[in-house]
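Shared chain: chain A. Partners: chain B in the first complex, chain C in the second.
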Partner chain A sequence: MARVNTDFIDEVRRSDGFDATACMHCGQCTAICPMGLDLLPRRLFFYVGAGLEDKVIENLETIFSCLLCRLCEENCPRDVHIAEDVRFLRNYINRKVHKLARI
Partner chain B sequence: MPLPIAPLLGFLSDNLTKRRSVMPMSSRKTTRWAAGLDIPAGGETVLYTGLMYQIIPALTSSEKTMSLVQDSWVGQLLSFGRTVNRFVNLTSFMPPADRQEQKRYDQYLRNIVQLLRKAGVTEFGYLYGSELYTGALVRDLGVDDAFEQHARKVHKMLDRQGVRRVITVDPHTTDMLRNVYPKLVPGYNLEVKSYLEVLRESEARPKNRLESEAVIHDSCLYARYLDTVEQPRRLLEKAGVTARDPEFSGKMTFCCGGPVESLFPDKAGEIAGRRIKQLAEAGNDVVTMCPICLHNLEKAASGNGVSVRDISELLLQAYGG
Partner chain C sequence: MEDRRIGVFICYCGGNISDYVEVEKVRAAVENEPGVVLAKTQMFACSDAAQDEMISDIKEKGLDGIVVASCSPKLHLYTFRAMSLRAGLNPFRYTQSNIREQCSWAHRDGGPFATEKAIRIVRAGIARARLSEPLATMRIETTPKVLVLGAGVAGLMASLTLADIGLPVFLVEKEPEVGGWTCKWGGMFPQGNGSDLVEGLLKKVKQREDITLFTRAEIIERTGSVGDFTAKIRVADGSVVSLEVGAIIVATGFDTYRPAEGEFGYGREGVWTLPEVKEWLAGNEGPLAVDGRPVESVAYIYCVGSRQPKDSELERPNLYCSRYCCSSALHTALQIHERNPEVHQFHLYRDMRSYGKYELLYEEASRKGSMFFRFENDAPPEILAESRRHIVRAKGQLEGDEVLDIPADLVVLVTGMVPRQNDALINVLKLPVGTDGFFNEIHPKLRPVETVMDGVFIVGASQGPKTLAESVASSLAGVSKSAALLKKGYVDLDPYIAMVNAERCVWCGKCLEACPYGAIEKSVLEGKEIASVIPSLCKGGGACVPVCPEDAIELKGYTSEEITAAIDALIEQVAAPVP
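And now, the complex of A and B:
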């Protein structure tokens, strides 16, 4: 059973680093991804939108596998800044899971 | 076994915070490419290498170390390594870079200086040992605290040196200095152009027409982050080089795999292999314009009958005279 984390939703909403609200889950990004990762980025954004933090963290390796090459953005009909959204999730994981926040 | 992500990220960001680079190198090694070129120190306009071409040969030796780490129990020790690395520069214990490789990558920077001068662009300096890496890798990996702190250091250094304009040599440094830093650093106001843009705007005239063909591998950053697609093609065409476009090109270019090299070398190799196949279908003489693309595609091309060259080499043959 998926667990919704409302703090996660709040943090994403407050941030100006993540914005996938325009995404309509058409899947063109996933079809063209050179890494061939079926998760990226459509389902990932669904998890974020639904506040499923566990699911996001479960896919940590996939999130760090993104090339940030923006080939997906070139095709995105809604102009979502997919690479920057993925980078936001890396930063989130680095703070919450890897504890890399303070130096 | 994949590389242990958290300790590796910690290792890279500690290096950036404490030693101002992900791959700390002596300034003797990062500046020796400029020997004998008489580039003035500093100035309002500087050629900014961002240390990218200098880092690649060192990276090759660390990749050998990392592939050992990836396949063995040594990986388990990396978290311990991070603690030690805070006090002792572990990078200095990595196998030394191959001298021939260092010379080759240094030569690309020398090519760029000569190209600029031949095009009549002579009024620029170089920051020598003061120059800093931009922190691009640490930002890509999402370690924003360490990156932002570093970006402020870089800005302070540029400010102290009185730099107003920079000419960059690679797309990663260009993106950081042109697109990313202005959003982070208050008061940042620098004009940033890559040498390809500067050459395109200049009166550069080829001395030799090459009458050859080259397959262009666009860098993702130049094509999609920096809108630099037309410039390299025009420069090559003027020099009599017919530019061949592979299956994915221009705005729709295909990554070389380099961005995931530090965490997932196997995946990076796989992507590079696919890209080399696409390029080879268009021809055997491939040109790149980013040291990371060059490095990754060269590795994947070995034994495939495809030659991969930095665009500066080809341009110098035509415009150098």
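And now, the complex of A and C:
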């Protein structure tokens, strides 16, 4: 059971750095990703969109496994800026979890 | 009978028939049948050249009946009737024998059987043709006026367009106001507002002298038939007016699905149907609040009351998709977003059917932050109560079966369309109703607004769920059908109708019960009560014939004598076995 946290959604929205609204959950990106991880990147976007902050933080390893190779982006039918979004999540975790200041 | 002069024309259909049926053998086998004076084969009987040949044969040989052995009468009945007419032969003395759909196409596995069967079928045709009599179509002068039932947008548009064509209209609305649902639902996609739209139409209607509008009025009786109806209307003050019209357009619209108490939490404050939300949005301009509490989060549950599973416990589940609701819910989400961009919106859908241009709504809603979760039919969302809020618990199918608890101040049940409960109207007009409860058209693609009641057209959402644009398109189809009927000034009806043998009839009333068109009435002939047929209502369906215990009813063109003769010919041995 995961509770939707609208505050988290708002926080992400306000930051302007993350945008996966166009994602239609086709899964092309995950299929093509050389890392072959279940959550990367589609499910992460779902967690963010649904405001499941705990899930995002729980999976920080996955977030940092991304190679930023943009293979997924090249193949995304909805032109989601996937690598940018992954970057944002790393930044977010650095601040929230590792308490690093924003670079 | 032997002095009949019958011509038989057997078609190759360019191989469609002749590849499986030995057409020349069929010709040889029937040319000496009693009454046959000419038997020919043709490559394409329907071609102009072949028809010209038939016409000169009819004239030169003085034929008084013909049999065309070719395809299904569905295809060329009218072709050869028209040909007969051009040749000076009564068109009802032509008989079509189907040796394509009912023979060659059914026996493509080869073998002599197809040819033998074709011979039997053609002989049966000849047997009928021998007994055929000249019949006359019935001409009815039409009344160039139309009755339109229902003054929603479909009815208003139908009335205005009929008036444009020059056909006076009586427009009858049950409610005190015109405009139906559109009037109440506020903003529309891609632009405009329902009540403005209706107001504009009503203004135009009032300016037209050839449109008479009755509100708080109802049809209570209909007599007559295509082109020549009399309708009794109970009007607002309780009095009854009688109207003579040539056609009736039924534009009575739809109802919205009402969830049962407790269905997805319905009945609780802030759990509303989509139409309720639309009325609510149209009726207030301030900040969005439910029960004094600001709306920060909205959850939509799609397909409520539509696409219900076949095996559900419901007595008559709504199996259909209501078409408009996905798009309409997206439109509503955009309206809410416009009123307050901070509001969170979650859409729990089964399939997103925002077809055609409505896809833009989906695109825009998702760009603006609406979240979409697909749920599976067997795992619908649940609505749980939480201090003055609701929790929508849903299993998202694309999210790895994650169970989500979505807090919502407003839960929108995206309800679909259901047929209006209008038994009185169905009774008065004898309208056929489909298994889904909406009125039934004759052919879903080619005759989408016509009904088995000639001259009665069903338009808009009375025929099935439609968007407003589709409703108007269908209402204009009803207009052109009415105009096509009435502008000519007359209709010719097939003479294949029932006839009563007054001597045999004992007026038991069985035929009256059997006739679905109300074409039988009681009459008195020389002091004796008998059944009689109202020619303009009879469609020659023949439901009355087998139920008559006295064999007192026959169908013209399909008399017992003709049918028996055809059957005898069918079962008669084909003499020389075909090698």
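For this structure, a couple of remarks:
Here is the rule we use: the second predicted complex is superposed on the first by the 101 of 103 C-alpha atoms of A that agree within 3 Å, B and C clash if a C-alpha of one lies under 4 Å from a C-alpha of the other, contacts with A are read in each partner's own complex, and residues count from 1 in each chain.
Going forward, a residue touches a chain if its C-beta (ideal position, glycine included) is under 8 Å from a C-beta of that chain, and two chains touch if they have at least 3 such contacts.
If you're wondering where the values come from, they're calculated on a predicted model, not measured in any experiment.
Set against each other, chain B and chain C touch different numbers of residues in chain A, with B touching more. In the superposed model, A:F46 makes contact with chain C only, not with chain B. Of the two partner chains placed by superposition, only chain B is touched by A:P34; chain C is not. Contact with chain B, but none with chain C, is seen for A:L100 once the two complexes are overlaid on the shared chain. In the superposition on chain A, A:A2 makes contact with chain C only, while chain B stays out of contact range.
Residue overlap on chain A between the chain B contacts of one complex and the chain C contacts of the other is empty.
Across the complex, chain A meets chain C through its residues 1-4, 6, 9-10, 13, 21-22, 24-25, 38, 43, 46, 49-50, 52. Against chain A, the residues of chain C that register as touching in their complex are 296-297, 342, 344, 346, 366-369, 371, 373-374, 396, 398-400, 402-407.
On the side of chain A, the complex with chain B involves touching residues 34-35, 60-61, 64-71, 73-74, 87-94, 97-103. By the touch rule above, chain B contacts chain A in their complex via residues 2, 5-6, 9-10, 13-14, 17, 139-146, 149, 220, 224-225, 248, 251-255, 257, 259-260, 263-264, 267, 271, 274.
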